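Take a look at the structures listed below.
Consider the two complexes below, in which chain A is the common component and chain B and chain C are the respective partners.
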Partner chain A sequence: MRTRTSLLGLAFLTPTLVLLILFFIMPVVFTAYFSFTNMSTSTGIGRGEYMLTDTLLRRLKSEGLSQADVDAVSRETFTVDAAGHDTAIAAGVDKRFADDILDNFAGQSFSDARDFERALRGLRSAPRSPRAVKEAARAFTHSALNTRYRTPDELSAVLTAVAPEVEEETRDLIVHRSYTGHVLTTDNFRKLASAPDTLQLIGNTVLYVGLTLAFFNVSLGLFLAILMFYLPKRASGIFSALWLLPRITPMVLYAVLWKWFTWDSGFLPTLAAHLGLPSFNYMKGSIVTAWITMICSNGFVGASFGMLLFSGALRSIPIQQIWASEVDGANRWQQVRRIILPQMRWPILFVTSYQTLSLIASYELIWLTTNGGPGSSTTVWSLSAFKTALFNYTGNLQYGLGAAMALVLVVIGLVASIFYLRLFKFNELLTKPRIEF
Partner chain B sequence: MTNTKLLAAAAVILAGTTVTAAAEEYTITVWAGGTNPTENYRLDNIELAADLLEREAAINGEELTINIEKQSWSGWDDFRQAVTLAGEAGNGPNILVAGHDDIPTWSKSGLLRPIGDYIYTDTYPLSQIYPNLWDVVTYNGQIWGVPQDAEARVMYWSIPGLKAIGWSDAEIADLPAKVKSGEFTLYDMLDAVKKMQDEGAVAAGDGFAPRPSNGGDYWQFYQSFGGEIADEESGKLVLDKQAMQDFYTFFADAVDDGVVSSTYLGLPWDTWHGSVVEGKYGVWHGGSWHYAQWTRQNGMTDFFDKVQYTLIPAGNENGRANSITHPLAYLLTAQGSEDEAEIAAELIARASSPELNAFHAVKSGHLAIGEDEVNVPLYANDRWLSEASAFLPDANATPNNVNVGIFQNDMFAGLESVWTGTATPEQAVNDLEAKLHADVGDDLIVR
Partner chain C sequence: MTKNFAMFPIIVLLTLLTAPIIIMYVYLVLDTFSNTPPGALFPTSFTLEHWRFLIDPSIAGNVWIPTLNSLIFASCCTVIVLTISSTGGYALSRLNMPFRSFFLGGLMVLHAFPAVTLLIGIFLILNFSGLYNTLTGIVLVKAALTLPLGVWIMKGFYDAVPWEIEMAGVQDGASRFTVWRRLVLPQIRPGFVALGAFAFLEGWGEYLLPRVLAPSADFRVLSVFLATLSAPDTANYDFSLFQAVGLFYTLPVLLLFLIFQNRLMNIFNGGTKG
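Now for the complex of A and B:
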């Protein structure tokens, strides 16, 4: 009987578990893996290949590879012989053309790819398509340069054929370094620990989360909830609907509204100009106004969350306590201070902790409004992680470094969650009630 | 259904298949980055080329249908994100129009096919493209793109502003030569715009209006103070600390002088273009292509009466007057079959004919890519293009290095911190050095 119950329980849990694995555990595992790699646009996400290039050879030369070795491995020869003819046929080159090449140039060598190609193009059977001619030329070319090999052994074999005099050790080094994909490394974390802008990012993030929480998500949310508590029911309904607008408006539209509001010749600057106050682009024109814009735009979204939650909590306060206090002659302020606030401790703590986590990870609205500017003055950790990994002007996306930054957030989130669960005594919330209803 | 009917149906279906097999149909996708409305011919020329190719095929008795799907991005960040991620996911386009500086990263990661394997550069129309543009799209000895346009980046000067501080017509006409010789420097420019502000010719803070966002333009100022982006011999990036500090100091001085505000960066492009057209700025710098934006989109009619243009002046005796050209190129991606790649390469070659490229050049204010294009009447009759071409001999392109984009982002971040006053030039250069060592490792030479 016991097993059946637990199996049934497991069956009920399955959808949650699947979603949890797909949308939380897997991304975290990938992020953790990526963060220990040097993965970027140039390495690609998938498996790399082995390719010897001029750039790599120049680099190796500056690290001490001899000129003789560089010359040897970058050697290119174009020899027309029977073996090349067979390779060409096997590669699908037109037989008549391949025969023609062998008949006309057998035993000849060319020193330059262009000369060889031109000679082939001169043949009567030469195909019209450049690709076909170049493919035929490749069959007679002996070179290790600029070809992508799937395995190190393939490149090594070609290198041995092209430059047999190069020592095995050197060859192995060249092959090793010719890998185009990503490798495992702890450099990302070292970089984050030593980078000069890390501290500024942390400072910005702490300030952003702290100020938004203090002024909006908690204080304004609580203020609104109490205000609505005392308002007549109809009025409070309209009022709460108005305050929910920022939350239900699509993010992009909401950001555009803020732009109209704060941009040059927008609502606020125009109003300020009429009043003789400084009028400029408040969203990006100064560090202070950019911060105010960032905190207000995010705060109005967060305030509605606090408002809803606190309103619910307020309803659970026995109304008799308020009546009793009125009988005792308490005014509104005394009711708030002595009755409401003491009973709101847990909801306040909950909103604070929950919103801390969501604010730390949120960057979309900042990206759409101040975009971290002016300069990097409103750039927070998560925005910087997003830009590093996925979105920057020069398009050199550093997936590895960005993942390392994201992983830091994941770790902070997990540690904070565990702390909050203990703080709220989650276990006790789940135990059976002591009083039977 | 009877057997006869079945047979008949099968025959009809078979006949249908044979017809479709004889007619070749391709869908070629082309994406362009950093493309404004005046630059539509980057994509449209591929469409025109498809029409030409279809007609050529028809004359040869072949039935060829090419559908072109085009998409453009006005910015670079979202375009590069799309290209990289779509490429990794295997559903990117066949043809890209992107900067030459994307070639190192994208070719290394295997996102591109070397287009040199699909074209002959010595046959018309590719044979008439300038050799130095071919050099820009060559990396590791392979040709990765066909040059799509060229440009110069220019320092623009308000003629009314200069006149207001007492410059004669002759002095204004002499300015380009004086800048080029190094006689007139960036600091002379600061003095001039400060005077313009003092005279009331331009409003306070509007004297100097640099590019409002990150861009290759800022390398020019590094070069003005003698900086070199990469070492020719080893190909490594170069951080010339003195030049970088002088360049940062110049912008800090500009802010101190009050000719540009400390929070100027991030100004929306539309506002910037609008102010240029209204003649609000004393001196500003941008691309030769911005001329098209101002005259075609913003309705500026008296450009030549109002604006003088020069190279970016030298900063001090270490540097030189210069300009950076950032040619875009048609790139062939690794997506699709070999046959599609071949068709795409043929389209690119045809789109690079002098006549088609002249559509793009003239409409968008870009410079010709080949020697025959300058003779195309549409191009030859355009005053701006012939004037801007004069800057090309002094223009250089950024080097093709995998890490040059990271260097640029770091360089710009340093500039931003100096500009907004959060760091001194010296601090910013030291931070930049530390960051570059972390970001690009031993791909860096510090001087």
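Now for the complex of A and C:
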């Protein structure tokens, strides 16, 4: 009985575990790993290749590689083979000429362009124009440059053939540096630690989370909950439904509503124009109004969380305490101050910590409304991580740096979740305790 | 409680606080049926032209294809979340197995953990597995991210099923699986409805995942459709059109919410994020 049960339990749990491992555990591991790489659009996501380019040679030269070595590895040789023949025909070289070249020089190598061209010109079918000959010659060119090699050994072998005089150490260095894939590095964290943007991002994030929590998620949530508590059921039902609207509205439409509310031809600027106040695009027009828009738009969603949770906590206060205070002649303010608020300490702590975590990580609405602007004045850490790694208009996505920024949030998230789990005994707060088997 | 306070000032105060919400949503409905001259605050004439996008694809493209895509996306998410949560929740609630408390604790950590920070890791995983830019990929990701809450809620519902029902079934010789399927599942139908509605709403409203993880796919969901429509670089933006499309997009949400209000409130109370 016991083993059968436990087998069934594991079987029942397996689908959950598979999905959670795939999309929770593995992303955490990947984020951690990739934050220590220089992965970006230019290195690609998959395995890299080995390719020698002019840019790389120039860089190596500035790092001390001798001119002779640079010339040697970038040397071109000409070998007549079937592959070159095919390339020549594909490049539009006369077929008879290409066939002739293959017939006469198959397997031969030339190390000098002029020798090869002279030999070609000697053929009966050679075209008149020197340019056409040069073009044909180019098809048979072999060079270590600008060719992709799958393994370091392949590139090393080619280099040995092209430039045998280059010392092995130098060759290994060149091969090593020609890797186009991502390499392990701690540069991301060093960059984050030294960049001046980092401080501004942290400042913005702290300000955004702090202000939204202070004004909306906690204060307004508590205020609304207390008002609803005293209002008759019908009125409080209407108002709590209204405050829930932003939460259930899809984020995209909610963002459109805020655009309509704050853009130049929208409601607030039109109203301001009627009243003779400055009227412009409040969402993007100035730093102060952009911040107010950002905090309000997020706050109106967040306030309902506090409202719901505090309302639940208020209902669990024994009503006899309120009655007793009324018998003693307490007014509403005294009731709130002396009876309700002291009992709200834990719910307030819960909302604060829980919402801090979700606010730190949330950027979707900011992205859809102010998009971090004007300039980068409303860019918070999570938005910046997202844009660095996944979404910017220049198209140069820095997965490694973005992952490093995300890792900071992941670590904060994990540590805080585990801490909250201990602090609040989640299950007691989230659901009523029930019999456990 | 006695009414030893004046209700009127409180109602006025609440209305003032709620004013932005009231204005936004009243105008959301109003503007789609009316024309407002530039610079005016109130609409002057009734019209249905903003709703012409429903039948005229030249205005904003065919809106019915994204609608169908959203429907498919949200339904797939709902089915996966319901299936997996109903077994996972039962295992955690009732079945005896090793590491049970560890799984429970892990689930609660994941529940509080802001999953959106994992987007970069998920993006790379989808790329490696070839699921990038596919419907399957975003459905799996969305379902997985809803799962900790789903399992948690289902566990709550299972916890409430009297243990005696199962005892009786086992006494009569049924296997635990049969007991679960024939006796316990019917008991938690309210849980199914609530979680189903919730998962559908989550999928229907999702924007970030389809936009980032399947950007050039040939299926576009309604949220992405609306976002591209109302992109800031659109030369002459037409708020009435955005509002009409947006209202069209949100109607199913409002309907579902009205129908399942009480059950959904339980889930919202259970602590969603945001």
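Simple rule for what comes next: the second predicted complex is superposed on the first by the 336 of 437 C-alpha atoms of A that agree within 3 Å, B and C clash if a C-alpha of one lies under 4 Å from a C-alpha of the other, contacts with A are read in each partner's own complex, and residues count from 1 in each chain.
Just so we're on the same page, a residue touches a chain if its C-beta (ideal position, glycine included) is under 8 Å from a C-beta of that chain, and two chains touch if they have at least 3 such contacts.
All of these numbers come straight from a predicted model, not from anything done at the bench.
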Which superposed partner A:Gly84 touches (first chain B, second chain C, both, neither): neither
Who does A:Pro27 touch here: chain B (first), chain C (second), both, or neither? second
Touch check for A:Leu390: first (chain B), second (chain C), both, or neither? both
Using the superposition on chain A described above, determine whether A:Ile45 touches chain B (first), chain C (second), both, or neither. both
Identify the partner contact of A:Gly306: answer first if only chain B is touched, second if only chain C is, both if each is, neither if none is. neither
Mind working out whether A:Ala235 is in touch with chain B, chain C, both or neither, as first, second, both or neither? second
Considering only the touch criterion stated at the top, classify A:Asn331 as touching first (chain B), second (chain C), both, or neither. second
Which partner, chain B or chain C, is in contact with more residues of chain A? C
In the overlay, answer first, second, both or neither for which of chain B and chain C A:Pro347 touches. neither
Touching A:Ile287, do we find chain B (first), chain C (second), both, or neither? first
Overlap of the chain B and chain C footprints on chain A, listed as residue numbers: 45-46, 263, 371, 390-391
Residues of chain A that touch chain C when the two form their complex: 2, 4-6, 8-10, 12-13, 15-16, 19-20, 22-24, 26-31, 34, 45-46, 220, 224, 227, 230-232, 235, 239, 242-253, 255-261, 263, 265-267, 270-271, 273-274, 296, 300-302, 304-305, 308-309, 312, 319, 322-323, 326, 331-332, 354, 357-358, 360-364, 368, 371, 382, 385-386, 389-391, 399, 402-403, 406, 409-410, 413-414, 416-418, 420-421, 426-427, 429-431, 434-437
Across the complex, what residues on chain C touch chain A? 1-2, 4-5, 7, 10-11, 13-14, 17-18, 20-25, 27-28, 31, 38-41, 83-85, 87-88, 90-98, 100, 103, 105, 108-125, 127-128, 140-141, 143-145, 147-148, 151-152, 156, 159-160, 163, 175-177, 201, 204-205, 207-208, 212, 223, 226-227, 230, 232, 239, 242-243, 246-247, 249-250, 253-254, 257, 265, 268-274
Looking at the complex, which residues from chain B come into contact with chain A? 76-81, 83-85, 88, 101-102, 104-106, 108-111, 114, 117-120, 139-142, 213-215, 234-236, 261-268, 271, 338, 341-342, 345, 402-406, 408-409, 412-413, 416-417, 419-420, 422, 431, 434-435, 438-439, 442-443
With touch defined as at the start, can you tell me which chain A residues reach chain B in the complex? 40-46, 49, 51, 53-55, 58-59, 61-63, 121, 129-131, 134, 145-146, 148, 180, 187, 190-191, 194-197, 200, 263-264, 281, 284-287, 371, 373-377, 390-398
